[in-house]
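What follows is a set of structures for review.
Common to both upcoming complexes is chain A, partnered first by chain B, then by chain C.
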Partner chain A sequence: MTLVVGVDIGNSTTEACVASVGEGRVEYLGTALTRTTGVKGTPDNTQGAVAAVRRALDGRTPDLVLLNEATPVISGLAMETISETIITESTMIGHNPATPGGEGTGVGTTVAIEALASASGPCIVVVPAGWDFDDVAHEIDSSSAQVVAAVLAHDDAVLVCNRLATPIPVVDEVGAVEKVPLGMLAAVEVAPPGRTIRTLSDAYGLASVFGLDPEQTRQVSPVARALTGNRSAVVVRTPSGDVTDRRIPVGTLTLTGAGKTQRVDVDAGADEIMTVLSRVQPLDDATGEPGTHVGGMLAQVRDTMTDVTGQPANEIRIRDVLAVDTTVPHEVRGGLAGEIAPERAVALAAMVRTSRSRMQVVADQVAAALGCRAEIGGVEGEMAVRGALTTPGTAVPIAVLDLGGGSTDAALLTHEGSAAVHVAGAGELVTKLIDSELALDDREQAEAVKRHPLAKAESFFHVRHEDGTVQFFREPLPSHVFARVVTMGPEGPAPVRTRHTVDHVRRVRREAKRKVFAVNAVRALRQVAPGGSLRLLEFVVLLGGSALDFEIPELIADALAPHGIVCGIGNVHGTEGPRNAVASGLVDAWSRR
Partner chain B sequence: MVASVEPPAIVIRGAGPLLREVCAGAEEEGVPVTVEPGTGDATTSAHRAALASALEVGIGIEGDEIVVHHASLPRDHPAEVTGDGRHAGRTAARIVKILPLTDL
Partner chain C sequence: MTAPAVQRTLSLKEIGPAQRGSRPDEVVVAVSPAFGDYFSKTIVDVPHAEVVRQILAGIEEQGVAARMVKVWDTADLAAVAHTGARLSGSGISIGLLSRGTAMIHQRDLPRLSNLELFPQSPLLDAEVFRRIGSNAAQYAKGESPAPVPTRNDQMARPRWQAKAALLHLKEYECIVAGRKPVEVEPVVSRA
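Now for the complex of A and B:
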């Protein structure tokens, strides 16, 4: 009997599988999983591999360790904003304080509250921090000027409004109130509860309020658009005020493949990039214009690969690109209350592979550390298929989809032979999309949103899950989760820092997964399927960490259903689930030698 | 004819210089309050006030300590303990409205 350990070094995790092999029989004894140390395919992997092997061995002494021949696949991610709203000369405050006061529209000249006594005509009073609500109400009521609206620094709008003889629209929580230009014509609008503003979010409404000519109306129409959907707004007409919806030159992506070279503007969007990419398959290389965002991003991927393989940067080829449309939160430049506007962006995942793997170095180091033989046991894709075939209910021809952290890999085994492909974009990209689209700016939290279903804490004792079911708790929930959207992880409800509803967060999460994994599943399988036809595939087995996700497998199954494919989650040896396929495949392949 | 009835309200028990700010916090959120004399320490006042409130939310004020409570919570597990009157009033009102209590 020989004690054999198969080790699969992946982008994020390293898995080991121990088996006793003898007389053509394989008895699987145990498995283990650790985080991959260093970039996959580099000598840094040794530490993680040794740790996984030791854990799987549980004190036994191995005779042989088998490593996978990993194609070093490095994926780079970049997100580039392609539009930006800039307000010059501070012309508007379009923020949504939770509790504005009064309702209606007031049009007048902006006046500081200290100067109210000497003001005349219709005016809009501007109140800095430090003023008490009783005093503000008194100043407005006793003024000889006709005060038609107010803009406050504090969260006092309702309080002031309640104390006035005649209520006026009041917008509060304007952080940079000192930047509101004084002596200018302005308009304040507050909509009734549950409504959004009508006048200041309409181009002709603005024209009517400020008496604009057609040319000026054309210029302010971006203001109206930017204010749409708010419950309250302030617009100050300054002589040279302007809001522009600027497009940032992101650069051109040059894609070479199939004997052709095609160029595409990144700001044309993800669909256009992917269409152009499909014309040059298989891709030989992708380059970005030097000095532009996209050029910088692709250069960075090349540099990382140079560090890993020691290959010069000019020899490294980008073999796949996935572009995804997304949004990135940006503080509006020139805004007065820290307004955030979602700007359009394109996320790019790029993938590099080289023929030069340094896995032999890892094998030598593992052998030295464990005092046993270690060798490269087989190519990753083929081993994954072998492992997947131990799933009950599968047969050749079989295709596997390995849903990893950095890349989505497909491999096909038929009676005639096998094929394998790696495409860019996987779990890491999903996390990044969730992070930016929800403006979380917190990778851990984005990861939690990706991994766990959502709920909303509706009282101190119950949550409503995203599917509508209600769960009661015997212990009170902490105050910081009250009324919040929460993720339901193993440690209980954890708040998500967002003002969005459960439905919105859920939609963003599912769309991010669909845009990466459903799209990549079809893309990768097309590349390995005979004649590129998915109809010729029969069994597709999902493997890898993301196959454990609570909804990614169903999103992929939905995408593959029209092609008549049996698609399901791998269950290696009928017990291991979608994990450990490559490690098991290594042992299996060795036992048949 | 519909007889005018007292609206349900957050019950505040206690007094002192912070009372005005506590009331202002709830008023800004648009939720009515009634003020009654305190009954013991801030936590006890708050819990009893919550049990007495038709909205099941109470506030206790004792010196510079303010406690916000909900009738469903155990007495020694208040929703918030703070020295900021405006924030306490706001928190109480937001419990009634089922809105997040803390800022993002």
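Now for the complex of A and C:
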């Protein structure tokens, strides 16, 4: 009997599988899992690999350790904003304060509250910081001018409105109220609770309010668009004020492959990039225009690879790119109240194939640390298929999708042979998309949002889950989760620092997963499928850490369902779930030698 | 937010024994025995009239109703706030001591816990009281407000501890043991 340990070093986790092999029988004794130390395929992995082996062995002494020939695939991520909203001449306030006052529309000339006594005609009073709500209300009520609306610096709109003899629409929390141009025609609109504004968010509404001609109406239409969906807004008519939605030139991406070279502007968006990419498959290299953002993005990826692999930067080839459209909340330039606009951005995952893997170094170090033999056992893709075949209910021909942290890998085993591909973009990219779209700025929290379902702690004794069901608790929940959107992880509810609703966070999370995994599943399987036709695949087994996710498998199954594919989560040995396929495959392959 | 130039005074008119509220849209502001009575300003001379005005304004701005209660038989902030929370229709209360220390509490919490605590009374000004009112009202509405940023000053303790202790002793002397909480109406008038 020989005690054999199969070790799979992945981008994020290192898995080990212990088996005793003898007389054609393989008896699996245990498995273990640790975090990968260092970047996959580098000598730094030794520590994690040794830890995983020791944990799986549980005190036994191994005879042989088998390592996977880690696919020399390393992935990098970059994100660039491609649009920018700029307000010129302080023409618009559309920051949507939580509590505006009054309702309706008021049109008049902007007047500072100090100058209200000398004002005439319909006017909109502008109140700077430092004014008390009682005084503001008193000042407006006692003024001889006809005050039709108000713009306030503090969060006082409801208070002022409640104290007026006749309520007027009031917009508050305008931080830079001193920049509002005075003596100009302006309009303030506040919609009833639960509604959005109708006049100022409509181009002809603006034209009617300000008496614009067709040419001017064309000019103000971006203002109307920018205010859509708000409950309150202020528009000031200045000679050349404008809101522009500028495209930031981020440079062109040059894709070389299949004997062709194609260029694509990154600000054209993800769809265009992916279309161009499909024309140059298989990709030989991707470069960005030097001196532009995209040039910087790809240079950064290359630099990381140089550090990791020790190869000179000019020898590193980017072999796959996944572009994903996303939105990033950004503060509007020229805004008066810290308005936030969702700007468009493109996230790029790039995958590099290095010319040499340094697994032999890892193997030698593991052997030294454990005092046993260590060999490189086989190619990752093939081993994964072998492991996947131990799933009950599967048969050759079989395709596996390994949903990892850095790359999504597909491998196909048919009676004729096998094929494997790696495409860029996986779990890490999903985390990054969630992080930036929700403006969490906290990788750990984004990871928690990705991994666990959401709920809202509605009281100390119950939460409402994202599907609407209510769960009660006997013990009160901790006070820091009260009234918050929480992730329901194994350690109990953990708050998410966001003002968004559960629904919004859920939508962002599912979209991020769909944009990365559902797209990549189809893309990767097309590349291994005979003739590129998904209909010729029968069984698809999902493997890897992300296959444990509570909704990624269902999103992929939905994407593959129209092609008549049986798709499900791998269950290695019928017990291990989607984990440990490669490690088990290694042991299995060795026992058959 | 600058303090208004006009001076205002606060008197708390007793209405009767405090009842448990039934409106789900109310926040109870519970004050300690000497508040607006023996004392008329906080440890850093913020007038109680202004404290109450700003807290009530914060609640009103959110469209939520407020009720004030005076707790007579304790000067312990957690006990004052929790008493208020149990009387509150929404289960949310703000507890206030005469020297300015404040707390947002909830009915279902253990008495010595809290939703938000503002322990350093010398650092609380009109703007913070406004935001405390606003946050309490948002909890009552079932929203998820960002907690009011708590300031911290390491020197507050050595500098103010003696005064705080004296104020607390005075407050303690105003306790009427066994007297039930009383609903009060705040009357703020310009001096």
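Operating definition for what follows: the second predicted complex is superposed on the first by the 573 of 593 C-alpha atoms of A that agree within 3 Å, B and C clash if a C-alpha of one lies under 4 Å from a C-alpha of the other, contacts with A are read in each partner's own complex, and residues count from 1 in each chain.
Going forward, a residue touches a chain if its C-beta (ideal position, glycine included) is under 8 Å from a C-beta of that chain, and two chains touch if they have at least 3 such contacts.
Remember, it's a predicted structure, so these values are computed and weren't measured experimentally.
Asks: Which partner does A:458 contact after superposing on A: first (chain B), second (chain C), both, neither?
Replies: Touch status of A:458: both partners.
Asks: May I ask you to name which of chain B and chain C touches more residues of chain A?
Replies: Looking at chain A, the partner in contact with more of its residues is C.
Asks: Thinking of the overlay built on chain A, is A:133 touched by chain B (first), by chain C (second), by both, or by neither?
Replies: A:133 contacts both chain B and chain C.
Asks: In the superposed arrangement, which partner chain does A:483 touch: chain B (first), chain C (second), both, or neither?
Replies: A:483 contacts both chain B and chain C.
Asks: In the superposed arrangement, does A:117 touch chain B (first), chain C (second), both or neither?
Replies: neither
Asks: Which partner does A:470 contact after superposing on A: first (chain B), second (chain C), both, neither?
Replies: In the superposition, A:470 contacts neither chain B nor chain C.
Asks: Check the residue A:561 against both partner chains and state whether it touches chain B (first), chain C (second), both, or neither.
Replies: A:561: touches no partner chain.
Asks: Where does A:396 make contact in the superposed view: on chain B (first), on chain C (second), on both, or on neither?
Replies: Neither partner.
Asks: After overlaying the two complexes on chain A, where does the chain B footprint on chain A coincide with the chain C footprint?
Replies: Chain A residues touching both partners: 98-99, 133, 155-159, 162, 458-461, 476, 479, 482-484, 497, 499.
Asks: Which residues of chain A touch chain C once you look at their complex with the stated criterion?
Replies: 98-99, 129-130, 132-135, 154-159, 162, 456, 458-461, 476, 479, 482-485, 497, 499
Asks: Once bound in the complex, which stretches of chain C touch chain A?
Replies: 1-2, 4, 6, 57, 60-63, 91, 106, 108-110, 113-115, 130, 134, 138-139, 142-146
Asks: Mind listing the chain B positions that touch chain A in their complex?
Replies: Spelled out, the residues of chain B in touch with chain A are 24, 27-30, 70, 72-74, 77, 79-80, 86, 94-95, 98-102, 104.
Asks: Show me the residue ranges of chain A that touch chain B in the complex, using the header's touch definition.
Replies: 98-99, 133, 155-159, 162, 458-461, 476, 479-480, 482-484, 497-499
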